[in-house]
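There are structures below to look over.
Heads up, the next two complexes both have subunit A, just with different partners, subunit B and then subunit C.
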Partner chain A sequence: MTVRSTTDSTPAAGIDSASSSTSPMTTPSPFVTLISSDGFEFHVRRSAACVSGTIRRMLNTRSNFSESVTGVCHLENLNAMVLEKVVEYLYYNEKHKESRDVPDMEIPSELCLELLMAAEYLDT
Partner chain B sequence: MESHGARSLAFLAQKACIKSLKRIDDIGDCPYELIRPVLLKLENPDQLHQLEINCPHLVGRVDEIWLQLIKRDIPDWQSKPHRPKDPKNWWKVYKKLKEQTEKDREQGAEKLKAALDIINDEREQNLAKVLSRKELPKEPINYKAKTLYNYNSGKTGSKSGHKLTLLEKIRKEARNARLARMNQPVPRIANKATEVKQAPRGFVEDQKLLARQKTSAPVAIRQPTVPRVAKPPIAIVRQEKPASDKAFLEREERLRALTEGRRNKAITISETSSPKTDAISKGSTASQALSRPQRPLPQSDGADDEDMGGTQASSPITRRRNQNVSASRSTPKHHTGTPPSTRFASPPPPPKRKAEPSIFMSLKKPKAT
Partner chain C sequence: MAPWQGLTNNDTVDFDVTWGILEGALREIHAKNASKLSFEELYRNAYKLVLKKKGEELYNRVSGLEQELLRENVRSRVVQMVTSPLILGASGEQVGGQAHQRRADGERFLGVLKNAYKDHDICMKMITDVLMYMERTYCQDQRHPSIYAMAMALFRTQVLRSPATDQSDINVMAILESAILDMIAMERKNEIIDRPLIRACICMLEELYETFQEEESSKLYLTSFEPKFLESSRIFYHREGQDLVANADAGTFCRHARKRLREEDERCQQTLSTLTDQKIKSVVDKELIGAHIRDVINMEGTGVKHMLDNDRLEDLSNVFDLNSRVDPKKAALKDAVQKRIVSLGSEINNMSSGAVVPPPNNASEQAKKEEGEKDKNVNQQTASAIKWVDDVLTLKTKYDRIWEEAFKKDSNMEKALEYSFQEFINANQRSSEHLSLYLDEYLKKGAKGKTDLEVDANLDKGILLLQYIQDKDHFENYYKKHLSKRLLQRKSASMDIERQMISKMKMKVGNTFTQRLESMFKDMALSEDLTKQYKTHVAELGDPDTTRIDLEASILTTTMWPVDSMVRRNEDGSTKTACIYPPVVENARKRFEHFYLKKHSGRTLSWQPQLGSADIRATFTKPDGKTKRHELNVSTYAMVILLLFNDLPADQCLSYEEIQARTSIPENELCRNLQSLAVVPKTRILKKDPMSKEIKPGDKFYFNESFTSPYMKVKVGVVSNAGSKAENSDERRATKRKADEERGTTIEAAIVRIMKQRKHLPHQQLIAEVIQQLANRFQPDVNMIKQRIESLMEREYLERGPDPSKPSYTYLA
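Up next, the complex of A and B:
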């Protein structure tokens, strides 16, 4: 089953998705897909996804990862709950990139340990 | 930390972990470096020990945390062996050290308490202790000193109205001083008028006669006495002679003299009788009155009756005597209506006598009539 990401698109999203048929080296779509271990798909903006260093390297066009071509990242060690929180964080981070005295995002205690490990994995 | 922008996810996650540190007993396969900031915040050695059990990869890595705990809980840790040879034994080391510390602490507390007790005892010796009644030494009961105790007023002593206040005492003293003059013994005041130099003559004569009687008349020969019978009280019709009427008295005297001359031949003790009458006339009738009922009456009853009867209407002397004598004694014999014995019924005119009837009458000779 697929789930649309809750933090979906900006107007710019629509244009890029149309041009998927061009060459692989043309402008990549602004959205990428992150898939959890239990099959949940999260469509996130590329810029947000690249907050995570791991995802950035995966999606790097100069590398030879298949993810860079498809724009789809399978993250097998994260379950949907954790991934959702991760995605939330990604957007939170992107949003507050320039500001000061940012209020911290809240993390539920059930996820804290897994999130810690996820954050370690995703280098974020 | 970045000066701007959001903090890293790792940091935020660690922060969240620290928040709920107490609930962490297993970190899975999380590496020590990652969880270190969290573990450093540990305060419960038991929990750390549990973590070591659940996550064996932590064993050997958490030395510093153990040390931290020891530093915190065990005073003077540097002097004691606090590092286990085997990292697995951190927990044991900690425990041992902890127990030692506890023992030392207890001993110190005991010493302190002992010192304090000594000080307190010394202080208490100087304090006054409030005793209850039972703790007091028992006083021996002084039975003599037992006095009444009034619980209401709290006063002891005899309940009396005779207690004098101070003012009353003063007044009493003053009064006594004032009146003391009267209480002094007076030197003998010679009052010749009231002095009794000799016994009254009548009394003396009586005694002489008594003595003579006793010697002369032996007791065996008893004169028959007039039986004294109790007579019912009778309404007495007395013929009171007015004593104030002098003319009347003179007339009576003459009459008596006449009648007495007829009767009285045998006055043996005329000698005694005259001084007796003198004495009587002076007023010492009381002795006569008293002696009268005691006299043994003469042999002849009739004479006696007459004598008795005669005394009633006789001279002023006798009259006076009669008045002194109680009515119950004299008049029933005189009255004609009531007396039970026949002797008293007879006599006619009350015979006159000069001599007072007395004990001496018994010695008179019996009358011829």
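Up next, the complex of A and C:
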């Protein structure tokens, strides 16, 4: 199945509503905010966040969804505990992206199931 | 276990509510209001639906929605732009004028279509992102095409393939294609069109496929547009080709064809797609070039013939390129060039043979009167021979240049040129003679004052012509004859250059050729040595006799030198020419012969007085008592004649018969020499009585004391003697006869050689082998070969093979 992601090269720039003025394409800030269902806010680096496919698409500046404009993602499905581990994983993944034979990250077993579902949800 | 609920927090999910949210969002996206939406929310909703196993329904609803949107919004917008000219164009009717109108309409239509597609594209990408979860799980599991693919297919069906108007069933696609083709046609007429716009639409066509399986070959571009484009181009070029051939000249045609090729190339790069590049080029090749190139080449007045004559290198290279596109062997061009060369060559041939009217063969009484005329004609012939060679070389240089620059050193063309040169050179019977005369001239005079390089180049050119000539053995005979005259009369400009020539010939043509020539050189060198030795020998003899004569002898080996041309055979076949020498000369001669025979016993020397020359110191006493001395350079016979007058008192004369009796010089030689001594104004050393121009029996000769000359050294040339000139028709026939005899023997030698090796050969093969072996020297005539085989059989060298139906031969030891 071919997945067409908005980060692939598209000939046209992102479209915005015809009536409002086009928002200036400023360089997005390096940090984004991920908010869990219980309101915890995690500031993560953009590059780490984009390890997750879902979050990457969410923040795609071209598609102009509200998240990409504000730089804030509400992840209603995930609670803080899970989200924290997810964030940790994102950094871990980014740090060790180049190397091989990386030891597995430490995961407490009670979170396993939820982490699994989160991973599926977040495409990561 | 409870059904998989995922991260849903146990909300009950109502499909319709969720779908409502999603549908609204999708519409907003299409309306370009995405910034109001939260990606996450939509993603989450889709996620929930899929988890609830509503993936399929979600999918269907989405596609239904897209279909509706496309049909309602997009299509209507596009259809609005369809105007009647566009419809007419698409239905294949010729739309007359109104080019502007059509173009403006077309552009607007294309613009709208392009934008619609672009929007659709972007929206679908965004929607795909939102529905990514569904894609990943549902689509993959159930092997449905992705949402994006599905949406594109919908675009194809809902927009492109939908009817353009309510009345007709021409669909939008057809209108699009015809508009584009229309614009291309306009561009071909040198109008400006909006290329990027067309490019965008073409890209759209490239990205859409016929079916859900997105395979390369089912791109809409390839299945629908390209064939139409190629067809319309074919028609266009077909017509254009015919127009051009009827109206334009060859050079323009070629330039125009090139321009079109470049144009199409550009078009593929910028406007259409590179996929079409090869195909359109082959259409142009076929319709424009292939169909007409032959006509263009042979066009009257401006075709290849004209280009060749006027050195139009650029045009020629155009023609060459075009021809090579359609025909790697470039048959048409080759034919034209060859024809031209052969016709030019025949002109040269005709010029050289037609310039001179060969003198009629009269009875011998008139022979002498016409000697003068004959001489002039022969001289003219020599000059025209040289001119022939010059002309051929000029032609060759010109065509070599054309080959290098216009034909890009193509090997096919090279062969064609060679072949045509060979054809006309060998059509001329006298080419070997001409070439030899040319070289003779050059080696006698032309080499002076030129640099080594120039000399080298000129010799090379000569060798080049030699390689074209088929009857190389004829050439060898002529060259030998001329060379011997040069060597004996010391007329060569430089021995180095002569040797250079020989070595070049050896390299290019082979050894057998140059063997005899080289031995001639050796003879001359040996003779020089010998003369030196003789001088020392004589000095050692002591006796300083002031009357002794300096003798320089050149010893020639009979077999190597072209004896027959130099020497007249007597009736008994011997080569000795009778001549009674004056005593002093006779002494010297005997002494030398003695000396030589002592060195090389077993050999015989036969003296050839007609080839020699002598330097005489002559004293003339004037009536007023003054004496004048001159040094006379005369032929040997003349010397013998003059010495007769040494012991004669001043006013006594010798008659013709007396001279003849006392010298035994053959009659024609005698006449010639007497003429040069007594008739030719500048060298009248003898007085003749009567003072007529001819020598007749009964003429009397006196020593001319009152001979004067401004020079100290006087050279008495002998009338029409020694220079290398063109042969008249008699001589030519004689030479040919001799050459044929020689050829006969060579053929026999070859046959024997072959049969000895093979022992047994069929008839055809034998002939083939003989021809092959002798190819380097000459082209043997098949009949001659047959005759030789017969004669060999008579002489019991060969016998016929056993099987009468398959003719073959066996070698008899």
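Worth pointing out:
By our rule, the second predicted complex is superposed on the first by the 100 of 124 C-alpha atoms of A that agree within 3 Å, B and C clash if a C-alpha of one lies under 4 Å from a C-alpha of the other, contacts with A are read in each partner's own complex, and residues count from 1 in each chain.
We adopt the following convention: a residue touches a chain if its C-beta (ideal position, glycine included) is under 8 Å from a C-beta of that chain, and two chains touch if they have at least 3 such contacts.
Note that the structure is predicted; figures quoted are calculated from it, not measured.
Of the two partner chains placed by the overlay, only subunit B lies in contact with A:V102; subunit C stays clear of it. Once chain A of one complex is fitted onto chain A of the other, the partner contacts of A:T124 are limited to subunit B, with no touch recorded for subunit C.
By the touch criterion stated above, A:N93 is placed in contact with subunit B alone, subunit C being left untouched.
When the two structures are aligned on the shared chain, A:C73 is found in touch with subunit C, with no touch to subunit B.
Within the superposed three-chain model, A:L113 lies in touch with subunit B and out of touch with subunit C [touch as defined at top]. Between subunit B and subunit C, more residues of subunit A are touched by C. In the superposition on chain A, A:N64 makes contact with subunit C only, while subunit B stays out of contact range. On subunit A, the surface touched by subunit B in one complex and the surface touched by subunit C in the other have residues 117-118, 120 in common.
Within the complex, the subunit A residues that touch subunit C are 1-6, 10-12, 14-18, 23, 37, 53-54, 57-58, 60, 63-69, 73-78, 114, 117-118, 120-121, 123. The touching residues of subunit A, when paired with subunit B in their complex, are 86, 89, 92-93, 96-100, 102, 104-105, 107-109, 111-113, 115-120, 122, 124. On subunit C, the positions that touch subunit A within their shared complex are 6-9, 31-41, 43-44, 47, 118-119, 121-122, 125-126, 128-129, 132-133, 135-136, 139-140, 146, 148-149, 203. Interface of subunit B with subunit A (complex): residues 3-10, 12-17, 19-20, 23-24, 27-28, 30-31, 34-35.
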